[in-house]
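Some structures are shown below for you to check.
Consider the two complexes below, in which chain A is the common component and chain B and chain C are the respective partners.
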Partner chain A sequence: MTAYFIRRMLLVIPTFIGITLLVFVLTRLVPGGPIERMMTEMQLAQEGVSQMQQGPERGGVLNPAQLASLEAYYGFDQPIALAYVRWLGNVLTLDLGRSTRYNEPVWDIIAERLPISLYYGLTTLVLTYLVCIPLGIAKALKHGEGFDHSSSAIVFIGYAVPGYIVGIALLTAFASELEIFPLGGFTSERFEEFTLIEQVQDILWHSVLPLISYMLGSFAVMTFMMKNSLMDQLAQDYVRTALAKGLSFKDAVWKHAVRNSLIPLATHFGNNISVILSGSFLIETVFNINGFGLLGYESLLERDYPVVMGILVISSLLFLIGNILSDLCVAAVDPRVRFE
Partner chain B sequence: MSVLDVSELSVGFASEQGILEVISDLSLSIAPGETLGLVGESGCGKSLTATAIMGLLPKPHGQILGGDIRLLGESLLTSTEAERRQHRGQDMAMVFQEPMTALNPVQPVGRQLAEIYQIHRPNWSTSQIQSRIVSNLKAVGIQDPESRLSAYPHELSGGMRQRIMIAMALSLEPKLLICDEPTTALDVTIQAQVLDLIRNLTREHGTAVLFITHDLGVIAELADRVCVMYGGQRCEERDVEALFRAPLHPYTQGLLDSIPRLDHSPRTRLQTIDGQVPQAGQFPAGCRFRQRCTRASAECEATPPFVDGVACFHPRETHHA
Partner chain C sequence: MIRLDPITRDRLTRFQGIRRGWWSALILMALIAFTLVAELFVNSRALIVHYDGEWYFPTYGAVIPGTTFGEEYAYETNYKLLQKRFADEGSGNWVLMPPVPFDPYEINSYAGEFPPHAPNFDRGHYLGTDIAGRDVTARLVYGFRIAIWFSIALLASTYVIGIILGCLMGYRGGWFDLIVQRLIEVWSNVPFLYIIMIVASIVTPDFGMLVFLMVIFGWMGMTWYMRTATYKEVSRDYVMAAKALGASDWRIITTHILPNTVSVIVTFIPFSVAGGITALTALDYLGFGLPPPTPSWGELLKQGTDRLDAAWIVTSVVTGLVLVLVMVTFVGEAIREAFDPRRLTRYE
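Right, the complex of A and B next:
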């Protein structure tokens, strides 16, 4: 197990190199990449359209200085292999270049938002499991009864309505009309002046509505995965064996079937962690949360390549870690998994 | 007094077309130390009979429609669920067909073996339970039992798992052991060993056995009496020797004829019974075998009574072979 874990960690290195290589090549190939961008610039210049006419705040256009620094950072004048190695070296020292939009180091921008995204991502993940597992179990045990049907209806409505719409509805109802929850943001304006306890309360206060919106998406999938998985397990021979020993149905469920039914959920864990960490720019927009999702979306629109690349690199790293965690979870619940 | 008394048991499933009766008016009884073989084609209701006796019919569709099941004189159908739970594992136990899936894959077998004592002997100490398990495993021929306790089912062979299932079933020396095709999933050599084991252990303790199989060779070797089922009904039930020597019911004769025999000349074709097994819901009225029977007459449209070990209007005393 330990040996497997070490090998798994070592495997992260080539995978990471693979992903970054792909990301790097993409910046050179995709339409709208820096090179094409430069050519458009030149065409625009020839046609006599000055940058000033488009307004200084239009981020889609880069000024020559920015272009030059981009070129230098990505080594456009060098062979791609050499340029990649140099860029990777920079990345490893957390030098992700400078944002063309904010003119700040990309790492600083990401570091500022990472805790917010991690907070929302992990809380959503934990809450989803905390709610979906018991709910799925209850639904499986009461399959076909009133509780099962009514909870299915609610879960499906939540699944069908996009999270951001729910967010808007919740904001309208509980923040503008009833004024129970704040209108948005991660913390209050006067956050700095609060005591520690007040700060924690403040963050929790601000997260209730966004967390509900975040959870709704994965909610249906996880609840039904749990329910179906447990129903499958209840029909298994070993449950019958347990009952034949004289165990009550309740004990057979809790002592035997439930752990087996968690295996598919554990497998799904890695998938969830990466989806949730990358955030949702729509929910972030609605609640005015400065997380990864919003940053990535804006950077793409504004062609702020260093930020886009930086986000890609960091999310792929989180993704790799998520997968390792997922494998560990699977190994923890299923002794048949030995990873030889 | 017999250990198990099943009288006129009917079992059915709730379906969209209403209740589908799968077992009709089945009666069986097994005396202490006796082994009753239950044979019949696939789907005739053998496993269902066993699960009905154990009280483990698939919920919520499986239902007992009539009759009674008595264990040691006490009706299992009028007792409470808690009382039935007391019997399960303690007075009656079951070994299933598939040793591969009958054990919980995520629990070490030692824990699964200990559980039956934790349920029925709550004041036994862990070490007391442990030493009982070890001696039980020795009794079923497992070498070095202490080291097996921490093994997970997937680390053991099929034969080993079935031995563990037998050890588990016999943990509390039940009065009745139900074996549902316990050797079907095993290699031939292992089959013989497991059968020997079941025979020896149950003889030793005077356990009554309901042994389900469709292998007549196994019946000949193991059973004292045989009950032949067809389409959810008992068609013949007699002593093994008498039944094999002179089967009375045409279906039993067909079954016996379909076994290849050494004393037959090698080129003759294997006998099979013509026609299809009817499914529940499509049973003909009267004798359910009549559509495939060469001896059927108008009389057979009424249900034949069970008299002198056979339910047939035209039982034949002599076997043609």
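Right, the complex of A and C next:
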């Protein structure tokens, strides 16, 4: 099995190169890359200035020498293959380049947003497990009764409708109409002036709606998974045997069935890890949360390719490692599982 | 009439027995059929024009210039104004407009008001207008038409690829299976929504292009399920028997294996439809889907969240999405249950 995981780890390398190469080439072929964007900005600025001054020397924004030095600065003067190898080399030394929009190192920009996504990701993960496992068990034990049906209705909507749409609905109802919760953002504008307790309250107040939207997606899947797997286990012969031996139903459920039914949930754990950090474009856009997802979205709109590539590097690595972790979790929980 | 074998008939009866799933399926079928003739219900062109003893049916077909009906302009007739004129003249000419007399692209302006206009039954804007003054009902109906047919096109393409490739992998096995397995492994690790967004920010995709992009990153799921299903069937005795009788590979695959994997394919259809709608809506919402002014639910969602004060926009589209997605999921659950009636032991 060790061989299997070593093979999986090795497979990360070509996959990673494949993904980044694909996107790198795409960003190179784009019309309207960062240099064009800077030139238009300069042009706009100069037009504003020259309209005021009516200066004699308008004409071209940059002379060819300036343009060439700018292209060299961003590495646009090299052929794609060479530029990619150089970029990859930089990534290996943990240098993701500089953002064309902010002119700051990409690392700093990403690091600035990471705590926000981490906060939402971790809270969601913990809350999801805290709610889903008991709810799933309760639903399985009361299968077909009133409680099962009524909770199914809510869980079902969460299952059918993506989180960000629920987020939009919540935002409309509770923030815009009823004005109970804020319209978005991570903190209030006057956050700096607050005392520590007020700051905590402020963050919590801002995170209620986004957390519900984040949770709902995985929440429904996990609850159903827990319920179905426990029901499967209850139908197994070993539970029947335990009951036949005279074990109480309570013991049969809690000491035997529940432990086994947790296995599928462990499979899911690895997938959740990548979600923790990469967050969600959609939910962060809806609630205007300045996290990882919103950064990726904005940098795409602004054609800030170093940041786009940086985010791709981090999110694809997390995704790849998350998948492997997921398999490791399964192997750890279920001794019957053997990977070839 | 197709002759159904007892198992299929059994499954169908079971499916019909799950009421919410069956009704959702009927309603969705009706909705899909409705989108084919949406022009008859939601359109700025009249259904029937009776003018000087002649009958006109402008809904389908070429543009009828205004001069035909005695108007002064040679561009397409404005039937809403024509209707008013005929009514004022009282000369026996009349115009029958569809229930929602608006085109999804038509910008409606009303003197002294700025869009978005609130819902107004007298004007026929049952759900109001969007921020450009286009009728929300019309945008919803035509947006749904695009979304559902996008899903169906996506589903058909991914399933064709998935079934062919999956069958081959399961049936042939060996190095072919191994190579495609590794390919799928690598390909499923691509963060595909992000890549599609990057591609869409570079080229503005049209309908076919977007389906193509989604197929490139979405064929793996079905392929994998089909591979497993075929793999299971190949090891069964009846396949062995067919081989011993000298049946060709083609015959074994098409007449023996495929019919036995139908349940795998059918159970996934509703979930693929829901996936297609959600993906298109998400891309449109982020502005990387079909270019404006294409009517789209995602674009309406974006408008709605930008203008939460015009609550009718966001309410209509969220209601529409929730209803459609919940119905599709009901169908999915019902099919799954009908195909897999696991009898679970219950302890009281």
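Convention: the second predicted complex is superposed on the first by the 217 of 340 C-alpha atoms of A that agree within 3 Å, B and C clash if a C-alpha of one lies under 4 Å from a C-alpha of the other, contacts with A are read in each partner's own complex, and residues count from 1 in each chain.
Assume contacts are C-beta pairs under 8 Å (C-beta built on N, C-alpha and C of every residue); 3 or more make two chains touch, one makes a residue touch a chain.
All of these numbers come straight from a predicted model, not from anything done at the bench.
Enquirer: Let me test your reading of the model: by the given contact rule, A:297 touches which partner, first (chain B), second (chain C), both or neither?
Expert: Second partner only, chain C.
Enquirer: Check the residue A:201 against both partner chains and state whether it touches chain B (first), chain C (second), both, or neither.
Expert: neither
Enquirer: Taking the superposition on A as described, I'd like to know which of chain B and chain C A:286 touches: first, second, both or neither.
Expert: Second partner only, chain C.
Enquirer: Which chain makes contact with more of the residues of chain A, chain B or else chain C?
Expert: When the residues of chain A touched by each partner are counted, C comes out ahead.
Enquirer: Can A:171 be said to touch chain B (first), chain C (second), both, or neither?
Expert: A:171 sits against chain C, while chain B stays out of touch.
Enquirer: Thinking of the overlay built on chain A, is A:240 touched by chain B (first), by chain C (second), by both, or by neither?
Expert: both
Enquirer: Applying the touch criterion given at the start, work out whether A:103 contacts chain B, chain C, both or neither, answering first, second, both or neither.
Expert: Neither: A:103 stays clear of chain B and chain C.
Enquirer: Just chain B (first), just chain C (second), both, or neither: which does A:260 touch?
Expert: first
Enquirer: Look at A:157 in the shared chain and tell me whether it touches chain B only, chain C only, both, or neither; answer first, second, both or neither.
Expert: A:157 sits against chain C, while chain B stays out of touch.
Enquirer: Would you mind listing the overlap between the chain B footprint and the chain C footprint on chain A?
Expert: 240, 243
Enquirer: Once bound in the complex, which stretches of chain A touch chain C?
Expert: These residues of chain A touch chain C: 11, 14-15, 18-19, 22-23, 26-27, 29-31, 143-144, 156-157, 159-162, 164-165, 168-169, 171-172, 175-177, 183, 231-232, 234-235, 240, 243, 249, 278, 281-282, 285-286, 296-297, 300-301, 303, 308, 311-312, 315-316, 319-320, 323.
Enquirer: Using the touch definition from the top, list the residues of chain A that touch chain B in their complex.
Expert: It comes out as residues 236-238, 240-248, 255-256, 259-260, 263, 333-336.
Enquirer: What part of chain C is in contact with chain A in the complex they form?
Expert: Those in contact with chain A are residues 182, 185-186, 189-191, 193-195, 197-199, 201-202, 274, 278, 281-282, 285-288, 301, 304-305, 308-309, 311, 314-315, 318, 321-322, 325-326, 328-329, 344-347.
Enquirer: Under the definition above, what is the set of chain B residues touching chain A in their complex?
Expert: The touching residues are 54, 56, 85-90, 93-94, 96, 98, 101-107, 112, 115-116, 119-120, 152, 154, 165, 168-169.
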